[in-house]
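Presented sequentially are two complexes of subunit A, the first with subunit B as partner and the second with subunit C.
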Partner chain A sequence: MADGLQQVKNWILERHPERQDIAPDLDLIENRLIDSLSFVEFVFLLEQESGVSIQMETLEVDAIRTLGAIERHFFATSGAEVAQA
Partner chain B sequence: MPARPVAPPAGGLGWANLGMDIVSVNRVRRLLAQYGERFFERMLTPGELADCRTSDGLDVLSLCGRIAAKEAAFKTLRVRGRFLPWPDIVVRRSDGGWPLVELRGAAADMAADSGITEITVSISHDVDYAVAVAAPIIAPTPSSHTS
Partner chain C sequence: MGVAAPLPVTDRFMEVLARLSERSVEDYYNPYQTFQWPETLEENRFWMTPELLTVFGTEHYDRLGEETLQRLSKWESVNFYSLNVHGIRELLIEVVGRIHMPGFEVPSDFFHHFIGEENEHMWFFSEFCRRYGHKIYGSTAMRADAAWEPEIENFLVFTRILFFEELVDHYNSRMAKDTSLCHTIREVNRIHHQDESRHIAFGRELVSLLYQRMCQAVSAERVREVEAYLKRYVVYSVNSLYNPHVYKDAGIADPLGLRNALIADPARRAHERKAIRKPLAFFLKTGIFSDDVLPVL
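Take a look at the complex of A and B:
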């Protein structure tokens, strides 16, 4: 797992100490690991770790629904292009 | 897992899907301390931030109330697959102190798609939490008129 993605995972786990781990396909929204307010903070973190500028207004929920999706959208080699799609 | 029941969509004659939200003062205070005002500049317009400002800086309870009102208003729209378009749901303090919601951009489009013309909100807060409840105003449709 890329360092940036691990930081994202750690950030979520720190806020949900009842969880030991987060599976790559776990739905972060359905499981209430990210809500509207933490989403804004999460975007700050994603920008910092991935180096990608994120437009919150156009970001699709599915792009951050799971750690797997986050990896594909923000930590792939051409993440900057994908994230803006 | 059994199939979930299907809720009615936003809008529609006779329906007023309420929205409600609660925001923790501790949580917002932490965000303000950690990131400063720039964090809230992604959520609130300059006018909203001005409404929340006192001589001592941003008032955390006012921030919480605005955030709760935006979330409550967004919930009335019942939009799938999108996050709250924070700056597009503008909650200002009117003359008299009542909150007024203005929908812009993506939020206005979402509301129009559901036949919602306005959203009315009420905000309350006390020490540790702010809450808001919102109700949509549905546009009359030609078929809803009776002669």
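Take a look at the complex of A and C:
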């Protein structure tokens, strides 16, 4: 796992001490690991760790719905594929 | 949204509504002709009252130096007006969705004034941002929540609006009186403060009634969940003032680091409490909050 992605995962785990781990395909929104109030903190962190500038107005929720999607959209080794409409 | 239960209106509510509607008609002005917009605003002065800056009261305030602080005040003011633009945009969607709908028959007439005035506020705030900052900072709102019951949603919509208006009003009333700020900035803040005093008075009455209606419709456990959510919303709103994009525009190194440091800095809590003193007192008085302990997001 990329170091940046690990930081993102750690950030979520710190806020949900009841969880030991997060599966790559776990829906972060449905499972309330991220909601609209923590979302902004999450995006700022994602911007910092991935180096990708994120425009929240056009961000597709599916791009951040799971750790797997986050890895594909923001931490792909072929360069950052920006998940925006 | 279609809730059939009528609002538990009181004589007091009807009197307040009639008085505020009358004042909206009497105080009506044309915002498009009200402001004189100079070509530019002076760069080498404060655009925001220094005590309202997000670094105020911390070591960063002393470290940054006057020139950076002035630059920061420009971008923090553009961020403040941008938050207003997006806040109004979102609240209008919610109020338009409820006007002339079951459950809102009584306040619908005032909603017309509210929607009209809020649209005009959104215009002059966006005008300020585009003229003097050449941009509006992006919205940080994201719909990523599980749905609440309709009565809770109704209560939350107007409570969020009220809190947002009260928070903004703390800044408006302070800057309207700050003679060290330029005329345009003082006027934008003064006029908004004047209109918002009506909206806040209305919001307090409506939220009190919606709270009663919600408490009758859902369990006590659910009401406690609503309180916990609202407390997180209060912190979220306060945190939206610490925008890393603003720090970057002001030329400050490690913008996200500064945001995180300020949010974690105990020296900021007293200043934040000052900004939210009035809505917090209202939430406690009405029982919406059982205590004034706020969470860390």
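Everything below uses one rule, namely that the second predicted complex is superposed on the first by the 79 of 85 C-alpha atoms of A that agree within 3 Å, B and C clash if a C-alpha of one lies under 4 Å from a C-alpha of the other, contacts with A are read in each partner's own complex, and residues count from 1 in each chain.
The working rule: contacts are C-beta pairs under 8 Å (C-beta built on N, C-alpha and C of every residue); 3 or more make two chains touch, one makes a residue touch a chain.
Worth saying up front: this structure is predicted, and the values here are computed from it rather than measured.
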{"item": "Contacts of A:60 with subunit B and subunit C, given as first, second, both or neither", "value": "first"}
{"item": "Subunit B versus subunit C as contact partner of A:23, first or second or both or neither", "value": "neither"}
{"item": "Subunit A residues touched by each partner, larger count belonging to subunit B or subunit C", "value": "C"}
{"item": "Which of subunit B and subunit C A:39 touches, first, second, both or neither", "value": "both"}
{"item": "Partner chain in contact with A:48 - subunit B first, subunit C second, else both or neither", "value": "second"}
{"item": "Residues of subunit A at both interfaces, subunit B in one complex, subunit C in the other", "value": "36-37, 39-41, 43-44, 56-57, 59, 61"}
{"item": "Complex contacts: residues of subunit C adjacent to subunit A", "value": "138-146, 229, 232-233, 235-236, 239-240, 244, 256, 259, 297"}
{"item": "Residues of subunit B defined as touching subunit A within the complex", "value": "23, 27-28, 31, 35, 39, 42-43, 67, 71, 74, 81-88, 105-106"}
{"item": "List of subunit A residues in touch with subunit B within their complex", "value": "36-37, 39-41, 43-44, 56-57, 59-62"}
{"item": "Subunit A residues touching subunit C - in the complex, by the definition given at the top", "value": "29, 32, 34-41, 43-45, 47-48, 55-57, 59, 61"}
